[in-house]
Amino acid sequence: MKDTSRKFLTNTWYAAALSTEVTDSLFKRRLLDTPVVIYRRDDGSPVALHDRCPHRFAPLSMGKKKDDCVVCPYHGLAFNSDGKCTHNPHGGGHIPAKAEVKSYPLMEKYGFIWIWMGDKPADPALLPDYSLLDNGHPNALAHTYMKRPCNYELITDNVMDLSHIDHLHGEIITTRGQLSPQIPKVEDENNEVAVRWEWEQTPPMLIFNDFLPKPGEPAAHFVEVTWSHPTHIQLTVGATQDGSAMDYDNTVSQYDLHTCTPETEYSTHYFFATRRNHNVEDAEFNKIKIESMHGAFEDEDGPILDAVQDQMETNDFLALDPVLISSDAGPVRVRRILKSMIEQESA
Amino acid sequence: MKDTSRKFLTNTWYAAALSTEVTDSLFKRRLLDTPVVIYRRDDGSPVALHDRCPHRFAPLSMGKKKDDCVVCPYHGLAFNSDGKCTHNPHGGGHIPAKAEVKSYPLMEKYGFIWIWMGDKPADPALLPDYSLLDNGHPNALAHTYMKRPCNYELITDNVMDLSHIDHLHGEIITTRGQLSPQIPKVEDENNEVAVRWEWEQTPPMLIFNDFLPKPGEPAAHFVEVTWSHPTHIQLTVGATQDGSAMDYDNTVSQYDLHTCTPETEYSTHYFFATRRNHNVEDAEFNKIKIESMHGAFEDEDGPILDAVQDQMETNDFLALDPVLISSDAGPVRVRRILKSMIEQESA
Amino acid sequence: MKDTSRKFLTNTWYAAALSTEVTDSLFKRRLLDTPVVIYRRDDGSPVALHDRCPHRFAPLSMGKKKDDCVVCPYHGLAFNSDGKCTHNPHGGGHIPAKAEVKSYPLMEKYGFIWIWMGDKPADPALLPDYSLLDNGHPNALAHTYMKRPCNYELITDNVMDLSHIDHLHGEIITTRGQLSPQIPKVEDENNEVAVRWEWEQTPPMLIFNDFLPKPGEPAAHFVEVTWSHPTHIQLTVGATQDGSAMDYDNTVSQYDLHTCTPETEYSTHYFFATRRNHNVEDAEFNKIKIESMHGAFEDEDGPILDAVQDQMETNDFLALDPVLISSDAGPVRVRRILKSMIEQESA
């Protein structure tokens, strides 16, 4: 396996797939520049193996699942879910001691399969608690997945600095110019970075307007993003017209998770989940919500980030000596923390 | 910005665009391996800026023009035509001192927008005088633009050595084998190189035949190309049957400008203009002339030059120890002068 | 010319083309990462020249054949079949001493044109004797050609280790699981490596079943592959139900030649010929045989080998520390011999 330790933090959890993407058959995805095959045992529990037979380096994902094992398409060697070779159909059937592939620890939670690709023991406590996604009506929860040809940190920057909303996005999430002038509050504790904006706008954000007591009238808004390593961002956004506490429970709001996994240094798997606390039974509304989130990124953020990637011609953003403004405080802090964690891990 | 000084001469004028290509909206072109956005102020004068916002490196060309400024598509920073940031919609609106992009000096002349990308002050006197293009009936002047996936010096070689005409091109500009046997006269003064061929042929070149006094009968011909740095070649070609002086004014002839601008080391913007002194009011003939010049290069020279680029696997032509023949005198002299100028500039 | 000596053995014969591919016109193929133009003299004998004019590096293959010479498309220099420039249409017509291209020794045999690209004199004795291909009814002989985006040694590995047959291929050549358990006999003499398997199966291989005395009943089978440098593999496979000697002459069998020529380090020309000793007049059967061989490689081996190439990210298979099993003895011995020959040649 390639040494990806300098490019990516590895002793941490990454989203490998949506739970719904992985079924009984072999699912292939490149993660941290490493080919991985993912499938489910007969009992439904997920398995991830290095997708490269140690014999002749064929992708196991081109083979077949058999009895919780993967059978290589080229010469028929079988590997169990621990990655050990359990069958060699050739000659006397002797299984060489080295005949194994790396098996990656997985956790399935919040509608995602999470993978641990580092060399230290997997630590379940390192995945933040996003159990709020699990609580509520099933029609008020949705997930999506996209892939973009840009470095994952550009997507982190994009979500950690929401001041771009009014400049880049269309009508449904406009703040009517109210968000940009705010200087966000940035907090940084235990290697987590939180950024929070509060403002008032009229009419309220169109995604909330119809569910507020007085549509079209002034409403207080907030949005808060919290980054945890390596690339998880929990975003809560809400509006209220009754002076209640500005949080998910007390406003008309939604609770989202954006999480990115590098495919390579120059391409990214982007996963997204959203939970809302209003109009919770409306399945059609749920479908529209996820489509519009998906569309906003595909059509608005995505093309800009791909172009930024092209213009940068490097992934070391800070080395390019960018001109920083007030809204950069959050994402720059995130870049510095992540850089330092990667350096510590590589040391 | 990348240091392109070793690859390209920079303190000189390059064609950035045809005048007709740049309008009120944002026009994007890579020049000398640098992204450039070009547009016109409300008064019509052209502006060229480095097409990379200094904040988050988004291409300004994806943004919008507003009041002679460019507004970045990502976070709304605005830059005026000098490249200074004039508006920051974020936080208190403070504009960081470093918030500016490079603005490139431009000149608009002869139907082209010329750009100066070097670090020394732009010197208008360094663009040769091609004002003959401006004199005459508008229907006797035409421009075109092409892009080729080869190094610009291969195109210079191609135009500076016209001995290929009878071998590569079709009927309308054939010299009936008369040009190749000539040893051209090469002159080299003040870093300009001129190459001139004279010959007689029957019938005359088909592009001139119908406009000569005695179509189909012998005519004296000349063609002269004059190279000036970095990649401008002025070509005059004409025919006469009355023993008059062999120049543009006294023959049935045309006066062309070929000028190349590197997009990258391996791709080239190729601009072309042609003025003629016969059949000057015929707009349909004008259209056919430019189409056939465009077609000759796209279909005949272009594919050969692209293939040469592939075969060379380098851009250092002379390092490949080519077998040189008499017709190479002009283009080789040009390569040596340009190389020396680039080395001087880089020193 | 590039120094390809470290990547490829050069003082040896490679298949450059099927005899049927090269006609009177100019045929272009990249061999050992070198552009080559191949054509036939008026007397039918084949010629191969470096496909790069020494003047301005245009591909000669874009030019025209004239009187057994090739005329460059760009400036009309002509080169004869020894690679010497014989005509310069420019200036006084002087031909510079250096004006020549490398001419490669060829041999035409067994339906192929073989090329010698090394610096030592071509040695016809170094091409093994495959004259069995020439003996028999014309309808019992067929050839094909394919190109694959993988290193040529991966194809050698594939043919030298046939234990993959039951795992990768479909019904018509299945051994019903009988071949994999065998430990093949490997012989290595004079830098040739032979691998042989023998087994019994019921029903017999479907390609032979209908031509055996008792279709559907048990039959003894054998397959033998013999590798010679650089990449020739002669494969004989047959079946018998009468206890006769297990060779081409005494069984229902076929005699094949697989030979590979690197296009580049990462792509390969794959040539194939097959001769059979049964149903020899059946032209339709002949057509089906070659189509099914072609199809098996295109649809079954090929995609696996391309994927292996991607997963390896190098061409040094042994450096990846593969887990080897009994069936690897043959191909690994081949890799070691070839590596040593290349190192000797480069020394």
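The first chain written gets the first letter, and so on, giving A, B and C; residue counts start at 1 in each chain.
Going forward, a contact is a pair of C-beta atoms (placed from the backbone, for glycine too) under 8 Å apart; a residue touches a chain by one contact, two chains touch by 3 or more.
This structure is a prediction, so every number in the text was calculated from the model and none was measured.
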Residue-number overlap at the chain B/chain C interface, same or different (half cut): different
Chain A on chain C, rotation in degrees - Cα superposition, rounded to nearest 5: 120
Chain B-chain C separation of Cα centroids, rounded to whole Å: 48
Chain C, residues touching no fewer than two other chains: none
Footprint of chain C on chain A - complex, ascending: 2, 35, 51-52, 54-59, 62, 72-77, 85, 88-94, 96, 98-99
Of all residues in chain A, those that touch chain B in their complex: 157, 161, 163-164, 166-168, 177, 180-183, 303-304, 307-308, 311-313, 320-328
